[in-house]
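In the two complexes that follow, chain A is the common piece, with chain B as its partner first and chain C second.
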Partner chain A sequence: MAAAAATGGGISAEVPILHSENLTSNVKSIYYSRTFLSIISGVVAGIWGFTGLTGFVFYFLVMMVASLGLLVKAKFSINTYFDSWNRILIEGVFGGLMSFVLFWTFAYDIVHIF
Partner chain B sequence: MGIGHVLGVLGGALLAHAAYATVQYHAVLKITEEEFSRPPMDVMMQLLLGLALCMWAGLAVPAKFLSVLPHSEENRIVSLPANLDFMIFNHRGRALPSDDDLKLKT
Partner chain C sequence: MAEELVLDTAIRDWVLVPLSVVMVLIGVLRYFVAKLMRSPSASPSPDPKHVKEGQVVIRARNLRTGAQFIPAKAFKSRKVYYTNEENGLLHVPKEEAQKAQAAMFSDPNMAMDMMKKNLSMIVPQTLTFAWVNFFFSGFVAAKIPFPLTQRFRGMLQNGIDLSTVDVSYVSSRSWYFLNLFGLRGLFSLILGEENATDDAQKMMQMGGGFGANPTMSLSAEKDSLDIIQHDWVLPKMEHHAEEVLRKLLKK
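And then the complex of A and B:
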């Protein structure tokens, strides 16, 4: 059974009703994509031998390409699948940063130091 | 296992091979006593290819996006809610003669 959820708004504004089950599933799917890509880009940065700021620049580059890929996956019509642009552009980037740094240092140590 | 999984595994294998190649490159550098600046060109190509394959897999494998609009075609609610007004618990069907050999006239 579909549960329609109101997503907020003032008393005078129209409250948009969205299919909350599907919205949750879409947001989870983005989260999985971003986490996996953070880990992979961490491993690549470690093997390549990035140190310092270059690694972070690489990470944000990969995240921008991932955002582009998600836009294509959503067929460029955000309103059909999400409630706001922030979902695919910004959310998950800073959470993935931690995973990126972890796997970056891990891979760098394994390949270049030991 | 779809094509996405295969691409992901392939990308992972390429990255693992690139890592192993870089470890061997370090061993070579230790022998020739040179400084490490960046991996050799073919290892970098392997890294980029592995990254591209994993990126494709990372975008294609998680669940497809489902429509969020309430009035779109695939979100139509086609079942009636459980409503007591439409449920009949005591009807005259039990007074009808029941014959187990009765077949529906088609």
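And then the complex of A and C:
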């Protein structure tokens, strides 16, 4: 994961002082890690042979773990690095879903169907 | 409902894997072709007027983000400087806006660039689709690991006309479409951020007319400057400073 750059001091809660370029780069690194994770988790889910709802549950579990990891990475002070909690919780989750389904199907077919 | 189909391993070796590999390779190829075709001199000498407008927008944006740090009077006078209806920097008269739009549409360079972009997007897609259609039509190529309702039959079993096969079996043509959408994430990982394969964004740009229209961004900036709520924070700053210093002392 790319090193996160602090977007600002976050001196006061009412006045967010954010450096927009750093914010964009932080969001971008979130997006990358999510995409990477969705591909990897898709392959893993396929190899383990998850079917039906289990696979999707697995995906969202992985994404929650990723959110936790991001939280730790941001040293539990979201406002220093991002403008809102949604960035960490949902940014890129649904974008990665399509990649997840593709790689899940691919791995599942190769391992279990043929 | 339907019993399990037995799929030949030859289908995996000669349809499923090659199709995906080819899709990835074509994506990479398309990225580099688009990079080469992008006109080398994107804008050799940009129109000074455009540059000026862009700078004005940036200045106005800076004012907007820093608005809390200047007194109300200072903010107001700056705002009038940008947005007043007679000679504000961000104000664009109606006729002029239309003229600019017309000029934009008649600019041949612009149209040429758009054409190139679209061609690099459409041509490979049509070619791969034709290739898939020609060689792999009518295969059951894959099975998605989750059940779906009958509605998805048209989407997933494009090219097979059997109503008894379970819906989760995917025909090769539909596998192509799945790849088309699902590989976007992979491309953004292997090709870097500004990959040329992001079709959805392209579509959006096309829908919105000619992407970056300076007069439009001017008036958009004007609107957002108009609605901003000014609140001077510096009087409260001393309290914050005190808090911070006290915290430091406690440590």
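Definition applied: the second predicted complex is superposed on the first by the 97 of 114 C-alpha atoms of A that agree within 3 Å, B and C clash if a C-alpha of one lies under 4 Å from a C-alpha of the other, contacts with A are read in each partner's own complex, and residues count from 1 in each chain.
Heads up, the rule we're going with is that contacts are C-beta pairs under 8 Å (C-beta built on N, C-alpha and C of every residue); 3 or more make two chains touch, one makes a residue touch a chain.
All values reported here derive from a predicted model rather than from experimental measurement.
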Three-chain arrangement built on chain A, chain B and chain C clash or fit: fit
Which superposed partner A:83 touches (first chain B, second chain C, both, neither): first
First (chain B), second (chain C), both or neither touched by A:73: first
First (chain B), second (chain C), both or neither touched by A:44: first
Partner chain in contact with A:60 - chain B first, chain C second, else both or neither: neither
Which superposed partner A:110 touches (first chain B, second chain C, both, neither): both
Which of chain B and chain C A:29 touches, first, second, both or neither: first
Chain B versus chain C - smallest C-alpha distance in the overlay, whole Å: 10
Shared chain A contacts, counted only where both chain B and chain C touch the same residue: 28, 32, 36, 49, 110
In the complex with chain C, residue positions of chain A that touch it: 11-12, 14-15, 20, 28, 31-32, 35-36, 38-39, 46, 49-53, 55-56, 95-96, 98-99, 101-106, 108-110, 113-114
Complex contact set, residues of chain A against chain B: 1-2, 4, 17-19, 22-23, 25-26, 28-30, 32-33, 36-37, 40-41, 43-44, 47-49, 62, 65-66, 69-70, 73-74, 79-83, 107, 110-112
Residue numbers on chain B that touch chain A, as the complex places them: 11, 15, 18-19, 22-23, 26, 36, 38-39, 43-44, 47, 50-51, 54-55, 57-60, 62-70, 72, 75, 77, 79, 81
Complex contacts: residues of chain C adjacent to chain A: 7-9, 11-12, 16-17, 20, 65, 68, 142-147, 170, 178-179, 181-186, 188-189, 193, 233, 236, 240, 244
